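Structures incoming, each one as structure tokens.
In the two assemblies presented below, chain A is common to both, partnered first by chain B and then by chain C.
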Partner chain A sequence: MSWWLRLLVLLLLAFIAMPALVACIVAFDARSILNFPPQAWSMRWFERAMTYPDFRDGAWNSLLVMISASVIATLLGAGAALALEKLEFRGKRTLEALVMAPLVVPHFVVGLGFLTLFAQSGLPRGLPLLVLCHVVLVLPFVVRSVWISLKSLDGRLEDAALSLGAPPSRVLRQVTLPLLLPGLAGGWLFAAILSFTEFSASLFVSTQRTQTLPVAMYNYVREYADPSIAALSAIWIVTTMLLILAADRWLGLSRVLGTEVPGGR
Partner chain B sequence: MAVEALRLDGVTRRFGAVTALHGASLVVAPGEFVTLLGPSGCGKTTLLNLVAGFQTPDEGEIFLGGESVTRVPVWKRDIGMVFQSYALFPHMNVAENVAYGLRARGMPKVEAMGRVAEALRMVRLSGLEDRRPRQLSGGQQQRAALARALVIRPRILLLDEPFSALDRALRGGLQVEVREIQRAAGVATLFVTHDQHEALAMSDRIAVMSGGRIHQVGTPEEVYARPADRFVAGFVGDATVLRGRLRGLMGGTAGIEVGQAVLEADAAPLRGLSQGAPVDAFLRPETLSPGGPALLSGEVRSVVFQGGHVDVHLACAEAAGGRAVARLAPMLASGLAAGSVLELAGPSRCAAFPAEEPA
Partner chain C sequence: MAGEKSTALGQGAPGLLRGLALPAWLCGLAFAAALLAVFQYALRAHVPGELEPGGFTLQNFVAQAHPLYIGVFWDTLLLCAGTAILSLLAGYPLAWAILRTRSRLARSMILAIVITPLFLGEIVRTYGWIVVLGNSGFLNAALAWLGLGRAEMLFTTGGVLAALVHVTLPIVVIMLAAGLAHIEPELERAAQSLGATPARGFFTVTLPLSLPGILAAGTTAFAWTFSAFATPQLVGGGKVNMISNLVYQLGFASFNFPFAAALAVSGLALTAVSLAALSLVTRRVEQRL
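Let's look at the complex of A and B:
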């Protein structure tokens, strides 16, 4: 590789990593105003981020919503993908379109829709509403992930199990689902990350009591401009990175996401 | 046993406007090894899938051990199938793969493991119980798939081109081995292949198929030496085709005039032809030998050494396609080179069919 190509790649990487790096560096600034570069160093904003009640409640809400929404979406999405791949039924094309629709509908539209619906019907705007909203938003990603794994599954394996005397329900349990596990795990991980970082729809459907972490952060920066938000970002990035590394290690994430370089690894 | 292992009665299968199988009838006796041989698209795989139960016939009946299974789902048919890609479960080790059919039948684990060990001994894979399929060689994978299919003691063993994924060098030995294992297990077997050498080497009987029909069912010797029609004669084995005329029919034998020579042929395919009608004589390469009286002659185009024999290709105006091929002992072929002229004497008997237009 010639030197200018190396330089170009390096610049590109720096460009992508720069915002995250800046946020992480600012988190260690001792001053109480967001400024770059820092003059003196401190860990106090990490302490502030960990103890601020709105962040703690928001993180707890986000965690609850993330777990519920990702699990529900994975179950629903796996069922939908199986039905789309294996069955012929009326309205299949409609289901296909419906499942993919949220990819073109902006999040705030989904949030606005749910808000209007719940406000009109007088239903309580609690965590279940957030979960419902997030399920709708992440479902397409799960369906896609499972669908792709289903398409790459060798159908002869299921035929072999049938020929050996296993009825279809047993084949699904012992052959299809175990082989789909990477796809299911990938879909679930997608759903979890998307749910945890989701902001615009959550802004509409959450209340002061049910606000998620991103919404709590948004409310915080409207009033304060200290680096605790940067500290939170640093914690967030490191946690997510560790989770993804673990997922890659144990579940073969790069295979699931189709990002594996041919001949690499 | 009196009852046949497999019987197909007039089985037809259509895919939309295409008929993949036209009223196929076939019987496999207990312990018999029957091959479905034909080019791709001939209906042999459809027939296998119908016996397995992956498809349902539009017409006709299928019997396994005398019992109609036409509407019985795959998992209740008691078949053992070896797939082209072997289809070993990648998330299970060899022992779990082989035990799968037994466990699906509700056999307790301890008993199943005994049967698995026995089956693995039979295919010489003992000691590899804990390996994953991807850690096995192609030949080992094939034997594991065979063990998995045989351990359930199926009513019939179905083999779907099991050698096509293997190196040519491995195939010969594995063919012999698979046949020995099949014979030891005493299981009736239906084997699908497009490879005539495999079919001739392994089968008790061969069903030659094309265009969704079974053209001929017979022992390898019958199919090779007395093909029922042009397709079989052309598909199984090599042949030089010479145009001749029908001299007459006498009993089961027909007389064919080819140039100055008169050959005998099976009369059945030629019934209904009048005397003097044009016919095509199919001559196997090993029935041609140097010398006279010359049935055909031509300029040698190439001499292909094959180890035990030599294939001599001639440019020959009388033969269909302008080419003739003779299979000679290496001794007889020594001194032959491209460009020399060779005269070949023919056999006294050959296969002959009504001439195909255009001449």
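Let's look at the complex of A and C:
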């Protein structure tokens, strides 16, 4: 590569990393107003971020919603992918369209939709509403992940078990599911990350009591200008980077993302 | 390793598989009901002071023919198009570097830096941009240090555009790299061995071959930007608005949910038309290749 191309790539990488890096630096500023560069250092904003009640409640809500939504979506998505791959039935295209459509509808529209739906049906705006909304939003990713695994699964193994007299439910449990495990794990992980970071739809369907961590952070940014959010972001960024490193080590990111160079490894 | 497709399991127990798909049906129907609720609200009258909408009317769509709303629709389209073009320009060299860098370590580093923001979520990323663009933020401190004075960047179209490009860049790079991975570097080398300069080899061989990938990535960036909410909301600060921000304001500041729903429906229609036009262009280009 020529030197100017290298320089261009470095500048672009700086553009991508800049907001996260700057937020991490500001997190250690002792002053209570955003002002770059920091003059004195302190850990007080980390303490505030960890003890502020809205963040604690928000983190708790986010965890509850993330675990429920990702597990439910994984179960639902696996069922849908199995039926779509192995069965011919009426309404197959409709099911596929219904399950995949949230990919192309903006989150704020989905959030507005569930808000008005629940308001009109007189249903309460509690955590179940948030979970339902998140399941709908992450389901396409799980279905796609499991479906791809199903397509590369050797169907002869199932046929062999069936021809040896195993009932279909047992084949599903003892042959298909174990072979699907990587696809299920990948789909679940993706669903969990998407649910934990989801903001726009959550803002529409949550209330003061059920707000998730991103919603609590948004409300904080609108009211206060101190670096608490920077501290919270720093914790968030470091955790995410560790997770990505782990995922790369165990799953191989280039392979997952399809950017692997043929013969490159 | 192409798997042998088997439907024997399905034929053996259609009821079992149908039962397994049932919860997904319910979930899909809930989504459809939510969308229908938006369409239905869009056609109902707003009763001031009441959350319950009134009778059926087209007034919510007629009222959108106001310069204020047309302006926001136009700004939204421009921001979507601008973001798509800038992300392609910035993403192409990065995708290129991921594929052509010889060092495996450098390649992993570039890939890691590019995709990390994808997992941070809208709020953390947008907050970072507030600190970068703010009046006493990082860039203004850098400008002052260089003796260039200060510039207004937060709450401006340029600031929003930078943050929006930052949001779409990872997915654009991944899509471009996936497209570029199918192009043999040998083709370009062949062009060079026949006397073409590296630049000519790139512009006459690699770039045309990667056109389908470019159009796919650009379309995705366009659609993603239309659904952006937190970025224009916080970096735009009410001075730069997209449809999503208007929908939120009308709903949660004016409690005029019917009009908010109607704006959302018009926005969806506008994106659908734009995406259809883009896919028409894509098909034309693919036929030429």
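The working rule: the second predicted complex is superposed on the first by the 232 of 265 C-alpha atoms of A that agree within 3 Å, B and C clash if a C-alpha of one lies under 4 Å from a C-alpha of the other, contacts with A are read in each partner's own complex, and residues count from 1 in each chain.
Simple rule for what comes next: a contact is a pair of C-beta atoms (placed from the backbone, for glycine too) under 8 Å apart; a residue touches a chain by one contact, two chains touch by 3 or more.
Keep in mind it's a predicted model, so treat the numbers as computed, not measured.
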| item | value |
| --- | --- |
| Partner chain in contact with A:Asp159 - chain B first, chain C second, else both or neither | both |
| Chain B versus chain C, judged by how many residues of chain A each one touches | C |
| Which of chain B and chain C A:Met50 touches, first, second, both or neither | neither |
| Which superposed partner A:Pro178 touches (first chain B, second chain C, both, neither) | first |
| Partner chain(s) touched by A:Trp236 [first = chain B, second = chain C, both, neither] | second |
| Touching partner for A:Asp248 - first (chain B), second (chain C), both, neither | second |
| Which of chain B and chain C A:Ser200 touches, first, second, both or neither | second |
| First (chain B), second (chain C), both or neither touched by A:Ile67 | neither |
| Which of chain B and chain C A:Arg170 touches, first, second, both or neither | first |
| Doubly contacted chain A residues - partners chain C and chain B | 154, 156, 159, 162, 167-168 |
| Complex contacts: residues of chain B adjacent to chain A | 52, 54, 73-81, 83-85, 87-91, 100-101, 104-105, 148-149, 152, 158 |
| Partner chain A, residues of chain C touching it in the complex | 1-10, 12-14, 16-18, 20-25, 27-38, 40-41, 51, 90, 93-94, 96-101, 104, 107-108, 110-117, 119-125, 127-132, 134, 136-138, 140-141, 166, 169-170, 174, 177-178, 181, 223, 226-227, 229-230, 234, 244, 247-248, 251, 257, 260-261, 264, 267-268 |
| In the complex with chain B, residue positions of chain A that touch it | 154, 156-157, 159-168, 170, 175, 178-179 |
| Residues of chain A touching chain C in the complex | 1, 5, 8-9, 12-13, 15-20, 22-23, 26, 33-37, 75-80, 82-84, 86-89, 95, 98-99, 101-102, 104-110, 112-117, 119-120, 132, 135-136, 139, 143, 151-156, 158-159, 162, 167-169, 171-172, 176, 193, 196-200, 203-204, 214, 217-218, 221, 229-230, 233, 236-237, 240-241, 243-245, 248, 253-254, 257-262, 264-265 |
